[in-house]
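What follows is a set of structures to go through.
Heads up, the next two complexes both have chain A, just with different partners, chain B and then chain C.
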Partner chain A sequence: MSLKDILTPFTAWKRVARTPVTVRDPFNDRPGADRYRGFHKNDVDTCIGCGTCESICENEAIDLVPFKDPVSGDSGLRPRIDYGRCCWCALCVDVCTTNSLTLSNEYTWVATDPEEYRYTPGVDKKSWDENEKGWKKPEGNYEFYDLNRVAMHHLHPEERSDSFIEMVTGYSKEQAMTEADRCVECGICIATCPAHMGIPEYIKAVRNDNMEEGMRVLYETNPLPEICGRICTHKCETVCSIGHKGDPLSIRWLKRYIADQIPSDKYKEILNTNNLEVNDKKVAIIGSGPSGLSAAHYLRLMGYQVTIFEQYAEAGGMMRYGIPEYRLPYDQLDKDINYILSLGVEIKYNTRIGDKITLADLGKKYDAVFAGTGLHLGRGTGIPGSDNEHVYYSTDLLRKITAGEKIEVADSVVVIGGGNVAMDITRSLARLQMKKYGRINIIATSLENEENMPADREEVVEAREEGAIIHPGWAPQSIEIENGVPIGLHVVKCNSLFDETGRFNPQCSMDIKEYWPGKMVVQSIGQGMDMTYLSDEFKENITFGPRGRVQTNEYFQTGVGWFFMGGDIIEGPDVIHGIANGHKAAVGIDRYIQDKLNSKQ
Partner chain B sequence: MQKIIQDIESRYSVSEKEIRRNNLCFLTIPKNQAISLVTYLRDYQGYSAFTLLTAVDWIEEGHFQLTYLLNNPTNYTEIGVRTMIERDHATMESAHHLWESMQTYQRELKEMFGIDFPGSPRVDEDFILEGWTDIPPYRRDFDTKKYAEETYFPRPGRETNDPAEYMKSKLFPND
Partner chain C sequence: MDIRKIFQQYSDRTSYPEIGEDGKPIIDLSSHKYLKMWQGPQHPGVTGNMSLELTVCGDEIVESKTHVGYLHRGFEKLMERRKFIQCFPTCIRMCVAEPDPNEYLLARCVEELSGIEVPEMAQWLRTLVLEMARLQVLLRGVPGQGGTFALGLGYQWGNYIRDLILDRFEELTGGRVYHMYILPGGVRGLLPDGFKKRMEENLKLADEFVKSIDDLMYSNSVFKQRAKGLAVIPKEYIDKYGVYGPSARAAGVMRDVRKTNPYLKYAELDFEPYTTTESDVYARSRVRWYDLQTTIDLIRQIMAKMPEKGEIKAPTPNVLHWKIPKGETYVKCESSRGEYGMYMVTDGSDMPRRVNLKGPSYTHANMLLEKLLINANIADTAGIMVSLATCPPEIER
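Right, the complex of A and B next:
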């Protein structure tokens, strides 16, 4: 040891008179840095319990525990952190789909019970809950998933305004895989989908480029994927967790992408339906719309002999006779329908129940009957002039367009209605006008104002792009008739639709008037059901609820044991509810028939 | 920086160079030239301060990447000398004679990656993982989760719920 080594420690004494460079009082007020990663905070009202924080946590420090009852778009679960495992890396904060999870800059916490170090931020109150400083996901810096969806290509308005060809072109493989990559697989969407489709699973199949697996997932809950992949109301997308910070996943287009990739002749092989068993039980289905086809499909998979009775010349119900070809091309409709028929489902066209064959006849000949007869009857406005023979119902016109019947479209048209069907007929008639006259002159009007129009937003936007004029917020008063034909519609300003009690009670300013010329007026304010096939003997055993809807149990079984009903006449109206109802009714019919067999034994 | 890189390139076979900033660059050279270059930089180019030695496991390519990070305290520049060594029976020439602290880094790499530095003092002694019996834990084929599950007991009372399953059980149990 040298002399220097001995003397060095004493050199510290020369600093004894200097001001210390360290913090003077280390026991008080030593906050973490502004962006310090300290203890967790969670805004439980913003959090949706999607669980991406749990999935990303490398240390498995996070559990999802019940906080409240789940509702559509919120699992009701909230993350609980185990500080025995947390390393404060903040990946959970950065991946959070709602930005509800943050870290405070508090980093000191003393407790004698180790169990206290496992807590649910935002639920178990902590002193740092109101602490503004700490780690939050930096905005616009980096994202773990793309917040913008892959844009879907639509034909330009000029390309589509005189033609019924499909306007949405569909994703390429690269686009679909990029879009699928945005999914965090939380599964929040499943509960909101009426059919509870395995959405994260089929999106995963797209990501893995495994179309056959995707197809199997689709058919577990939905036998009409080409159709739903085009025209589903995609309620799932309204709750997508990614939609809280960015665009929701294009779930509908990804479904279409899967179905588009599989040619018809591969379906049976992929879905393993080449050799379905047949038992001796028979089920009749009235109507070949989505609910009827769905019920037929699942019943046939269970081995039942299924016969569909369809009043028109072709199958599909409103999907064929209500939805225009530019939204749902007939070849894609037929692809889904023909596969179901190819499973051995029999269909009798041009056969309306209630005419030669009655419901009672079906009850005798079949073990069970399912009716998905839909909403086919147009509802009228009842305003003066609406009984003129040149005032039409949208449902009738759409059906004629599908059937290829000639429609004498006028050079000026007014459509009354602001729902999706009103947009369908507006855009269809606009196309016919363009073909016939080379220009479009069509006005659609709704009682609801712009924000509350019942039609999907994209329908309104696209109708306008194509040249239709949409006037929301007007109440029709009378149709002007001259020489026996309509020449225009009188309207007044509609201010509100419902009164304080929520009752339908439109309030109008009668002095704010408009008159729109139109040689053709179309009413599209909703549809009604044709229940004439229900004779009095059935009505006695069936309970009717509000608005004339039949009451069924959760399996869509009516008071007449062998008679089940579903689709738009019970729930909806839309395709996906019909599919879900048909599936559930198929399960109910199976239970009904099996119970009957068991009770006989 | 450019000047010294040119000088190094004239003396050694530099297969890759990455200039990060005007005071930081990384040069990749063959294994058998690495210690020679490090010595040259220390003794002739003023890179007298040894900052660190570290490794990266490129398991797919079957090699480890070693980086000797050196600092020149007079002109405030840093050079990282990189070299690739075989992952199987990984061995590297020891450089403990250049800086005393080198032996600590080499001992750490022996323990965490299994890279041997024959002749380096105490290189075979436990460093921080006393009584370690598994494969070196920084190797990418070491399964941390599996090891943790086999070695430690889980904390009682942990339970979790899958959002989709939980919603199904509460909202549509019969569908």
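Right, the complex of A and C next:
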């Protein structure tokens, strides 16, 4: 031991003169760091109540509680945090699909009531709500799930422009599983889907590579998965929570993927429908479109004897006679339809109700009748020249293409309309032109401008890729007729469609004119319903709403007790609505028949 | 009566305890020559919630037994019921004082089993955070050794600088104690603006602290008297009892995962862990003092070498249903206490089948401590325990 060892510890005395370093709380305020993980904040207007924060919270500190009425794309719930459980890991912030949930840098909070520490950020106002600092999801490539969807492979425009083969090739197994992995299972889509399909469940089945389970989930709510997997309007994807920051999930393609994996002969075994019971009650269905087939399927599962009356030679309604083959190949359509027919559903083709058999006849012979007759009539523009015999309706042409009837396609065509049906006829005629003339010369025009065109964006883009010319924002004025045949269409610039009150009232600049030559003019501005099978005696008992649509109750039951109606004639043109209506009507018919039985007893 | 003779008679403890044929002491408590006493679980001289059952003869410990189980929260088991991302806020609690190696090991296990490559930037940030964690532990642990011998002043100095390091943690990771920064796939943020400058200011204070604690503690005659020659770990114990890290290095055995099995960016850094051979409390404390300097130097090196910008996280599957193929792995890193490892078994589901943490405290505080306490003075118990840097939460998981 040296003298140094005794003396050096005393050097500590030199610190006596230093100022203390202690923070004298609460006299000196010490704000948390910019990234501090403090108390929760939530922008309740951005939040959609998807509940991913609740799923990821390992402490189960988050509950979703009602905040407002649910709307499409918003569950109406908001996260409530229990600070008795929270560990401030901020995984809830990082996983948030809308970036609405953040943490403030506030870290002291004194309250006398312990209940206060369980609160709903953004709803229960707190002093740190306006605090800009605190933990936010890190910037850059920091995501807990992939925001980009797996691109679907389409046939190249050159490969598809002269043929009706299906242009979407479908996902491979790896692609489907990668896409399915993006789902956060929030279920926001379920409420928006008209059929309320178990979307997260069947996506989970894709992830687990369990196609049979996926198939069972699909058929719980949708008996036409091959069809819906191709042409559904996928309203689910518009509300997908992943879509708030990235691409929504390809829900439609995943549905198609499941259905594509199962061969027809396995359906009955997987869905356990080999031995369905049959009772003595009979139901007639008018029309074999989506609503009719859906109703037939679910009624048959309940044991009813179902007969479908179809006016054309083949089943499918608008799905067959309206939608072109390149979007929905007939073999896939038949796959779904044949399964339903194989359950013991009888179908009478070429039988139009109102001709030999009337609705009243059906009412006498059957316990209940469901009509899903669809919108098959074309609607005209009424402009000068539109009454010419070479001015067509798109619905008629599409039906002829399906039926294999010959269409004299001209070497120059003008289509009036900017909806999906207009795109269908444009692209179909373009294919026929390509086959016949080796080139495409077709113009489609819509009143709406580019942004507001009613057709799906992809339809417009694909039509252009194939060589069609789309001119949005023009109002048709007259069809130029020469020697009894049309030679072109006069249009003027259309500036706006609706007035301040929201009424349809197109405003046009009459001095900005265009003339598009075309030896064939097709009108595709909407469809009407053929209700001639409703005789006057029925009309008395049925209430009609706006636009001539029949008013029904929630089970699509009309004023005539045994008569149910659904599909396009009630909800407007949309396949998934039709399927949902058919299902609901089947439940309604079952209730109606069972109630009648019970009252007899 | 010659009181001095009586005193001598009783103070002569050379014959106690008698050693039986099985090599264990024969302790007859009814002889009144022995006393059983407990140190812990609530005792300032015990590093955390564990207790020592000591049998003393006078003030000399003749037998000791360690008791753990006061802190068991079953994290390993809980993790078997958590998704991989949910294990991340759970695992850190397995060592409160130095949570970052837990985060790193979990992330590494998950990444290895699912084949994820971590971006360069994230690796640098992980290295930085692990060294910062070591720094804040040592800033408390080095002067803490003095604290166990009633020299509490250095502890105050160290804790102040540790608090400043926690400030840096707060601005980098958003948390002061539980940083929750290294998550499977990467890290959770780049360095904030001005971080390096503020860190450098803190490191200057740490440099100054290194010097002043040397004057206060290591040159202190009292400290030397008490720590030198105390609780010597014989070199043959190193393998026998699984001694790691600074405790092994104080016995002349080079055990530092950063050097022997470099991980993250340690291979690109220039450092040489200090070794000595005395193997007593003083030597172990001295090794930590050198470690403190190494860590300060390493942080400076990391900050100089790391890129300014870069990806912080590799793309991972959707964390809400991240399934990891069947497999098992063992990964390790160097904590301030020594080799810290995690063994993980996965069964193809979205949760780990088994997680097992292997920390040095398990062997240090159970078997080794029991041996070292024999023939030590009661007053040195805390000093011996702290010199092994035991961490009870890590024993019990």
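The working rule: the second predicted complex is superposed on the first by the 579 of 601 C-alpha atoms of A that agree within 3 Å, B and C clash if a C-alpha of one lies under 4 Å from a C-alpha of the other, contacts with A are read in each partner's own complex, and residues count from 1 in each chain.
In this text, a contact is a pair of C-beta atoms (placed from the backbone, for glycine too) under 8 Å apart; a residue touches a chain by one contact, two chains touch by 3 or more.
Note that the structure is predicted; figures quoted are calculated from it, not measured.
Chemist: Quick check for you: in the superposed arrangement, does A:12 touch first (chain B), second (chain C), both or neither?
Modeler: Touch status of A:12: second partner only.
Chemist: Among the partners chain B and chain C, which is in contact with a greater number of residues of chain A?
Modeler: It is C that touches the greater number of chain A residues.
Chemist: Contacts for A:70 in the overlay, against chain B (first) and chain C (second): which applies, first, second, both or neither?
Modeler: In the superposition, A:70 contacts chain B only.
Chemist: In the superposed arrangement, which partner chain does A:146 touch: chain B (first), chain C (second), both, or neither?
Modeler: second
Chemist: For A:556 in the superposed arrangement: first (chain B), second (chain C), both or neither?
Modeler: Neither chain B nor chain C is touched by A:556.
Chemist: Applying the touch criterion given at the start, work out whether A:51 contacts chain B, chain C, both or neither, answering first, second, both or neither.
Modeler: first
Chemist: On chain A, which stretch or stretches are contacted by chain B in one complex as well as by chain C in the other?
Modeler: Dual-contact residues (chain A): none.
Chemist: Note which residues of chain B are touching chain A in the complex, please.
Modeler: Within the complex, chain B touches chain A at residues 145, 155, 157-168, 170-172, 174-175.
Chemist: In the complex of these two chains, what residues of chain A are touching chain C?
Modeler: Where chain A meets chain C, its residues are 1, 4-6, 8-9, 11-12, 15, 21, 32-37, 52, 55-56, 58-59, 87-91, 94-95, 103, 135, 138, 140-146, 181-185, 204, 207.
Chemist: Using the touch definition from the top, list the residues of chain C that touch chain A in their complex.
Modeler: It comes out as residues 82-83, 85-90, 153, 157, 160, 167, 170-175, 178, 180, 186, 188-190, 192, 212, 215-217, 219-221, 224-225, 311-313, 315-321.
Chemist: Using the touch definition up top, name the residues of chain A that touch chain B in the complex.
Modeler: 49-51, 54, 60, 62-66, 69-70, 75-77, 82, 84-85, 115, 118, 186-188, 190-191, 196, 200, 554, 580, 584
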